[in-house]
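Across the two complexes that follow, subunit A remains constant while its partner is subunit B and subsequently subunit C.
This part shows the complex of A and B:
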């Protein structure tokens, strides 16, 4: 579904992503694991196209020059230089790091904003689905986004992304700053979303323990390069992954 | 995908010049070349400013004096906006208070300009700071609005109470002996202010001020009173403006409500944007380009403002980083293509 070929991203002279090749198969969950500064977020921004926006802004104020080389192919077409909004229309939806929900809009409004690309019936159906998968949101319909707890905000952010009818859902650090219980619950929800709707999901996460069991295929990034790849089972049994991410 | 099938790709690499790195420390003193590298841009600016009166006609010499006042205001604006995080549109208030104080001292007490200017500079800055003190807790657009209101407010107070000469202002003030004093007073002021501010922002106080701009809560958490530092910063910026105002009153021998004109609040912003925000020298150069430009465009009559605006819009759209940021980068860095 998504294929990345020889992708390189430079921030000025520093290399953030070094020659990454990866594939995301349709209907599966793919994981990207790595420590801070491994290039996870940059990869997510590059796939969703946000990086083109950052690049433009940096150019305007004469800051860092961002260079993107290589190809990103989504469903057979090259989207490397496509605008972020066009990519969203194609079905690549990013659920951004640190959630970025609209703090002054209510929960329901946040979800409705997400449904800009959906038809009315789609939006209604998805809204009901979100309430079944994240029941807490149902009771918080009129609460302002800024007053939600971290876990509720994350549910809302995933819900908002789902409202846009994604084909490929990009989750950038969905477990950031959550309690272990909440992490387990969210990981199960993500798994359910994939099973019930068949949406292809790409998760980047540095805390691999709750996520590793639910991915079908995973990549481990280090300093911008993919150092390891394999199925969930292979990764979990790998001694390096064990020591780095499970502390065994 | 194998590397052989993909075409060779290139990217532009931007590197600091070796000499730039060498001149950042004490090592700059090791050779003439390094010292020249540091001195050339600064000497160009200083001598460019100091020698310019010799190449100008009488009319343009007057314009130069006016440009110097705008340069001081732009310098103060850039300092407050980029190093303290206060967008101050009170340039007209600084000019006005400096001008009126100096004018009153000269007219009522009969003091000579060389006494009134320093006194009006300091006293005007104190007044401006006191007036702005209650608003220092505000940030961003709110501070901008409040500081924008003060010049308007003062004009109407003067008109309503008919004090300080009312709408006619105070006339027949002492002027400077000749045009050379006019020019070198303001040029000297600009150069001293520029280099003093550049030094100031790299000292400890500059560090604190920049931190206040980035995150004032973190600064408070470090046990520093941000209000006292903001007050000092506003006082410094007001000093520049009030000096410009006091000078202006003796330049024309006249003080009036037009010295609270909004030009003094707005044009420095344009100069700062054109010259490059945050460079300090940029706004000065911007002012010395924009003021003569606006004079030169007088030939266009009413179209003058349109042409002026088009030039500004062009700058903001195509070079929003400003002239000085571009020049500095070209001077300090070089680019080359690199294959990846």
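This part shows the complex of A and C:
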């Protein structure tokens, strides 16, 4: 479904993504694991196209020079230089790091904004679905986004992304700053979303333990390059992964 | 009672003038300094269509509103799109567009164009009548200003809370990149907001201008009024803009009643200075308590 070929991203002369080749298979959950500054978020921004917006703004200001090399291919077409909103129309929806909820809008409004690309019937159906996987959101309809707790915000962020009718859902560090209980619950919900809707999911996370069991295939990033790849089982049994990402 | 009624009318005039400006700024962080020019332009366009081309008055109004919203979209598409993210350049460029329009209206002698100079340009009132409310004599146009202002504020609220396009504008206003991730195009949102903002400037013009005569110089005053309202209310805050126009509207009427009309502009500028000293983010500027929780 998604294929990344020889992708390199530079901020000025610093390399953020170093020659990454990877694939996301349709209907599967793919994981990207790596420490801080391994390039996870840059990779997510590059896939969703937000980096092009950042690049344009930096160019305007005469700030950092961002260079993107390589190709991103989605369902057979090259989307490396497509605008983020066009990519969203194709079905690539990013649920960003630190959630970025619309803080002044209510929960329901956040979801409605998410449905910008959806038809009325799609929106209605998805809204019901979101309330079944994230029941707490139902009671928080009129609460402002900024006043939700971290876990509630994350549920809302995932819900908002689902409203946009994704084919490929990018989840950037969905477990950031959550309690262990919430982590487990969200990991299960992500698993359910994949099973029930068949949406392809690409998920990046620092802390692999709750996520690793639900991915079909995973990549380990280090300093912008993919150093390891394998199925969930293979990664779990790898001694390096064990020591580095499980703290065992 | 006089103060109450005329204060309300004055406040609503402020709100009408400022609401377009604050909408554009709130959505796309674009300071549209051509706002006052568009206001005056619509006044003259309507006047000229009614008097030179003998068009039916409401029809002339609709056409000039259409032209001003088209102009707003063009200002973005041709000028501001090249300057996104450079606030000072955006101000200079849009002010330059405003200058071209305002000074262009006063140009004489090109193609027999006489230039709009002097006090002869008056838009007709919608209804020519005077009505007595609670013992105060008020003309019908001022009532229309009140109703029009109310209608504009309510319809903007409905638009931004209950339509897809309106919601997408608010999303862009809150977090541009997060909105992009959901498929909302920021350039498209900016064009929409600028054309709505310019149409609102025009609407304010056709509602307010029948109260006096149309002069090109009014463009600068309108721009300053809109800026004052936005600074006092908190840049980009729509509720703040409405609140600030009431504060300013009443402050001006009261100061005029007590000390004479010389003090009008002192009150305006004084209010800006006071707000910048004591609450620089404006009355309803961005709230700190809504900052991200982790």
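Heads up, the rule we're going with is that the second predicted complex is superposed on the first by the 248 of 248 C-alpha atoms of A that agree within 3 Å, B and C clash if a C-alpha of one lies under 4 Å from a C-alpha of the other, contacts with A are read in each partner's own complex, and residues count from 1 in each chain.
Here is the rule we use: a residue touches a chain if its C-beta (ideal position, glycine included) is under 8 Å from a C-beta of that chain, and two chains touch if they have at least 3 such contacts.
Computed from a prediction, not measured in an experiment: that's the story for all the values here.
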item: Clash or fit (per the criteria above) of subunit B with subunit C on subunit A; value: clash
item: Partner chain in contact with A:67 - subunit B first, subunit C second, else both or neither; value: first
item: First (subunit B), second (subunit C), both or neither touched by A:21; value: first
item: Which of subunit B and subunit C A:10 touches, first, second, both or neither; value: first
item: First (subunit B), second (subunit C), both or neither touched by A:104; value: second
item: Subunit B versus subunit C as contact partner of A:84, first or second or both or neither; value: second
item: Partner chain(s) touched by A:114 [first = subunit B, second = subunit C, both, neither]; value: second
item: Subunit B versus subunit C as contact partner of A:229, first or second or both or neither; value: neither
item: Comparing the two partners subunit B and subunit C, which touches a greater set of residues in subunit A; value: C
item: Superposition clash, subunit B versus subunit C, among 5-13, 77-85, 311-319 or 329-337; value: 311-319
item: Subunit A positions touched by subunit B in one structure and by subunit C in the second; value: 60-61
item: Contacting residues of subunit A [partner subunit C, same complex]; value: 48-50, 53, 56-57, 60-61, 83-85, 88-89, 93-96, 98, 100-105, 109, 112-117, 144, 146-150, 153, 160-161, 163-164, 176-177
item: Parts of subunit C lying in touch with subunit A, wherever the complex brings them together; value: 83-86, 161, 164, 167-168, 170-171, 174-186, 188, 289-294
item: Interfacial residue positions of subunit B with respect to subunit A in the complex; value: 1, 3, 6, 9, 11-15, 320-321, 325-326, 329, 340
item: Touching residues on subunit A, where the partner in the complex is subunit B; value: 5-6, 8, 10, 12-13, 21, 60-62, 65, 67, 69
